[in-house]
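Just below sit the structures, each encoded as structure tokens.
The two complexes that follow have chain A in common; it is paired with chain B in the first and with chain C in the second.
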Partner chain A sequence: MRGRFAARAGLVVAALFLVAVTLMAVAPGLFTPLDPLATDTDRVLQPPGWGHPFGTDQTGRDMFARVVHGASYSLGVGAGATAAALVIGVVAGTLVGLAPRIVDGVAMRGVEILLAFPEFLIALFAIAVLGPGPVNVATAVGVAALPAYIRVARAETLVVRRSGYVEAARGLGVHPLRVAVSHVVPNTLRPLGVIATIGIGTTIVAAAGLSFLGLGPQDPTPEWGLLLSGGRNLLAQAWWVAFFPGVLITGTVVSATVVGRRLRRAGEGRRS
Partner chain B sequence: MVFRRILARLAGMLVVVWGAATAAFLVLKLVPGDPVDVMLGVSAQASPELKQSIRAELGLDQPLLVQYVSYLSRLVRGDFGTSYQLRLPVTDVIGQQLGYTLQLAAASLAVALVIALVGAVVVHGRAARGIVSVLELLAISSPPFWIGLVLLSVFAFGLGWFPVAGADGIQGLLLPALTIALPVAGILGQVLRTGLEDAEQQPFATTARARGAGPARLVLRHTLRHAAIPALTLAGYIVGSLLGGAVIVESVFARPGLGRVALAAITNRDLPVVMGIIVFTAIVFVLVNLVVDLAYRAIDPRIGAPTVAIRGAR
Partner chain C sequence: MIDSRVLVRATGLTVRFGSTVVVDSVSLSLAAGECLAIVGESGSGKTLTARALLGLLPDGAALSADELLIDGVDVRRASEADWRRIRGARVGLVSQDALVSLDPLRRVGREVAEVLEIHGDPASGRRMPRAALDETVTTQLGRVAMPEPEERARQYPHELSGGLRQRALIASALAGEPGVLIADEPTTALDVTVQAQVLDLLSGLRDDGLGIIVISHDLAVVSGIADRVAVMRSGRIVEEGATGEVLSNPQHPYTRMLLAAAPRLPEAGADRVAARRRSPRIEITPGGLDTAAGGLLDQGESTPVLRATGLGRDFRRPDGGVRSAVDDVSFDVLPAAAIGIVGESGSGKTTLARLLLGFDAPDRGSVTLDGRPWSGITEGRRRSRRGDIQYISQDPLGSFDPRYTVSRIVAEGLRGGSRLSSRTRATRIRTLLDSVGLDASLAGRRPHELSGGQRQRVAIARALASEPRILVCDEPVSALDVSIQATIIDLLAGLRRDLGVALVFVSHDLAVVATLCDDVLVMRDGRVVERGAIGEVFAHPQHPFTKALVDAVPRMP
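Presenting the complex of A and B:
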């Protein structure tokens, strides 16, 4: 009983955190009136306090404003890359699921190999090929996320394809393409939504990791991974510069995972 | 029979490495930008004639197929080409830095195994296991570069227990290894714990208990072996985390190693080094998979020999 209460409280906190971070991305002005790019040489490396809850960096920029404004970039890349991977994954996975067995076998062999690697490593290889840059970071993490969606979309397609209503539609002489679009795809979407929720978190970490390595946007862009790498050289004098952006990244990922797992359990409950 | 199986296995391994080499070659050929410009550096003012002679020297003016064949034949002879930036053979560049990264990866794996085993085997009771699973979630979700910075800030800058940078001795190894190990331990711990809990429900566990096996003997002799199988399946993922983690951690802790080489090659578009690292990674994964397969057989005697007898000889 107590465990269930703790789990529910955790879920509420996670959902609230996601709402807050989304608001930061959409309307940063609600959280801080300060400009994330405005320097102030009188207030350099201030520790966290009333005026600056997250302190200031080496040029006197307010860290809270930088973290809040950074949400739009990090979340934008996370959500954008995940959405793109989801759409491409559904199309590719459905096609593979409906394709002849040879095509299916070869494609799935490749997907299985890619799935054996952590997303970050695949994103790193993609960047190695594409070259550094903010747009390429988004592309790379999207590519890294793709195999998981292809696999699930294909597996769901195989299940739905053999189900009674698809058989019925085919028997009624509905065009195969129409069967795919109006019957197969909608039924693959729910399980994919669950992975996508968790996937946004993984994608944000991978993108922040690439930015941290200096392969993405460049200073003064307030991006979470970049803020952390700026804080690396200030650790001796100012721990807060590297600390708070990391709290936001970790909080977002944990929250996405908690909410995603809850959605998965809800989906499983409905199925059985 | 056995000989033929080994031969098929080796052929499969070669195909994977060949595939990686071909993919690396093709994709990097499609990348825009002139390798000669990369070699000379952005600021260099070279005459078109000089560029043309360099291109001819590298064979870049040949048809794509000719380049591919000569690339493959050089690979077979162990020649990975010459770094544009360092003007050294790629094998030397990788070889010089490999030791540091191997050390880091081995230490990280050891730390991760210890943490995961303690979390999965030693911790008992519902409440304690609940707390451990929350800690695992946190460890999996925290970006490794942030874990590294927090560890540095607390233990190196704050308490002064460890050096801030470099790769000297055990002291310089512990924090970087811990950084890579924590997320790996989180995933490994989850899988081990689920496996142990499953195994405890199985009839063989009841039998062992009925024959008087205590909790320690039950875990060590019976259920851990059972839980190790799903954990082994993660081997590829874990090695990937060790390599990807090395890129980040070597940068956070200012350590030398393959990760630094890879990062510099990516940033500077040093294509021969990038290709060399891709092929090298493919070789590592093929070898890891071989070791994992052998380990499966050692852990689970059901895998291997009997299947032939059961299915009937061909």
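Presenting the complex of A and C:
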């Protein structure tokens, strides 16, 4: 019973954290009136305290405002890239799953080659081709996540395709296209949606990682990965500059994973 | 009875989940050399009663009893450690599915030996030396009439047939020489001829002094083996007595209902019309054509709805050889006729059904539907005619999209469903649900919220939506309780009578086929070994396999 209570409490904390971060992304003004870009040379590298809960950086910008405003970049890239990967993955995976064996075989070997490389490496390749920039970071991260979605979508399609209800629809004389749209895609979408929730976390880390390397948005944009990178050289004098962006990245990823896993369990329970 | 020693005595046995009472003051006793059958439908509490006698109640179940003695030991306060000493040594368990109950990674001999290692030599309780262990394993496998026991002991469960697996499971349950064997649906997963062998084995063990409690949903199965029958319903024993007495002179209305619902084979010489009172086929044969004598072969004046000619379907075996799942099968189905296809598992019944439905293409021969080619044409050309032939499967739940509501499921079957106005569609759905005896209030439910019988009715409603000329039913009632089974069979018979829908009814259950069909094909190894009118075939079987099949059907006295 106590274990279950702890798990439930963890779930509530994670969900609240995600809600808070989402609010930061949508309406940063609710959290802080300060401008994340406003420098103040009189108040350089202030430790956390009244007025500056997260301290200030080397040009006197309020770290709390920068972290709050950074949420929209990080979440936007994470959610956008995941959504794009999900949509493209479902379409491609379903088509591959329904295609003749030879097409399926060739496509899946290609996907497996991509899966053999670490996602982050693929994202780096993509950036190398596309060049740096915030939009390109989202694209690169999405491309890196795509093979996994294609693979899962295809596997789900194969299961649904052999299911009794697809055969029943065929027996009723329903056109295959209609079967794909009304039975196959909706039933593959449910497990994929759950995976995507967990995937948002991974994507945020990957995007922050690219920014950290200086391949994403450039200073003074308040992006979490970039903030972390900016604080790296100051760790000895001003730990807070790197610490708070790091906490937000970690917290968001852990929360997304906790909520995603819970959704997956609920989904499995429903299916059996 | 060899020994009147009482092995199990329970009084006021009650099992609760929270405040819900699922087994309600059940009292039973079992003597050595006696067989007690506990009979009931799903949810009657029969399995939980058996599990209570083994200390295997699920988590959250609370047991109470005025008296619960096993082999003279009060087990009401038994700890898990106490139960471990009792299970296997004093009470053995045989469950329904041997393939699930046996460890797939362990040889059969190990399964039996494990019991001996845990409990020691049944005679002395001491550890057994290796050589004696192997010898005892062979003896135990021999005791359950396992052919070539030494060789079988070295095989894995998947290498054995269903009947041999069940024997291996019984051998492991008996290895510790328990006085009591609890068999939970021991033959339900088996073919009828194999079932007869396993029942014989159990009777033999009982005659040797074993006390047996058989749990079953099937009165006919237990009638041949049980000395006493206890009928359970909603957690209570509603009737108990000597088997012959309960079956010939049932006192409780529920027992009477169960007996009446059980489908029976027509007896030799019995009046055929009486045996098939549910399908008055003479009335519905078009033009008064009398096809009773040879409906299968008689091509008559009316075009058959469905005709199979020399159908064959081969599958490649893993060793590279070819196995004919269906071989040279020919028959006609006339409008509003009902044909049964019976056979044991692996006889090719389901493959044949899939060929008829155009789900699979034959390697040889052809199928025509309404006199026009049905096999050998493209799926695109078949699609518009699919409404004419519909399919009812054993597993209706699996045939429904889990996200769909009942009305959406049924609507998918309507021809031109998307072109109908929503009001016409709603009316049609309501009529269809009504015709299968479902309340319109169920239209908004999802399949997992329905009972087994309701699900099968929804499947039938969907099949009827396209106004088919023929329904192919593959074991449509096998997964249902007897009383529900009877209502679904009545429904199918009624549809045939009122709508003139022809039926192809695939089943392993001869009695169900006999109740519903006029003609029967008996299949074995992909071939039709016997065919003809139901009464003829079952009363005077010609082929040895048909004879064995008919003889193996458990009959009530």
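The rule is short, and it goes like this: the second predicted complex is superposed on the first by the 270 of 272 C-alpha atoms of A that agree within 3 Å, B and C clash if a C-alpha of one lies under 4 Å from a C-alpha of the other, contacts with A are read in each partner's own complex, and residues count from 1 in each chain.
Everything that follows uses one rule, which is that contacts are C-beta pairs under 8 Å (C-beta built on N, C-alpha and C of every residue); 3 or more make two chains touch, one makes a residue touch a chain.
Predicted, not measured: the structure shown is a model, and the values here were computed from it.
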In the superposed model built on chain A, check whether chain B and chain C fit or clash. fit
Touch test for A:116: chain B only (first), chain C only (second), both, or neither? first
What is the contact status of A:213 with respect to chain B (first) and chain C (second): first, second, both, or neither? first
Using the touch definition from the top, say if A:253 reaches chain B (first), chain C (second), both or neither. first
Is A:187 touching anything from chain B or chain C once the two structures are fitted on A? First, second, both or neither. second
Which chain, chain B or chain C, is in touch with more residues of chain A? B
Considering only the touch criterion stated at the top, classify A:239 as touching first (chain B), second (chain C), both, or neither. first
Where does A:129 make contact in the superposed view: on chain B (first), on chain C (second), on both, or on neither? first
Using the superposition on chain A described above, determine whether A:168 touches chain B (first), chain C (second), both, or neither. second
Inter-centroid angle chain B-chain A-chain C after superposition on A [Cα, multiple of 10°]: 90
Closest Cα approach between chain B and chain C after superposing, in Å? 9
Common interface residues of chain A with chain B and chain C? none
Residue positions on chain A within touch of chain C in the complex are 163-165, 167-175, 182-183, 186-187, 270-271
Could you please specify the touching residues of chain B with respect to chain A in the complex? 16, 27-28, 31, 33, 126, 130, 137-138, 140-146, 149-150, 152-153, 157-158, 164, 236-237, 240-241, 243-244, 247-248, 251-252, 262-263, 265-267, 269, 274, 277-278, 285
Hey, which residues of chain C end up touching chain A in the complex? 357, 359, 382-387, 390-391, 393, 395, 398-403, 412-413, 415, 462, 465-466
In their shared complex, at which residues does chain A touch chain B? 3, 6, 113, 116-118, 120-121, 124-125, 127-132, 201, 205, 208-209, 212-215, 225, 228-229, 231-232, 235-236, 239, 242-243, 245-246, 249-250, 253-254, 257-258
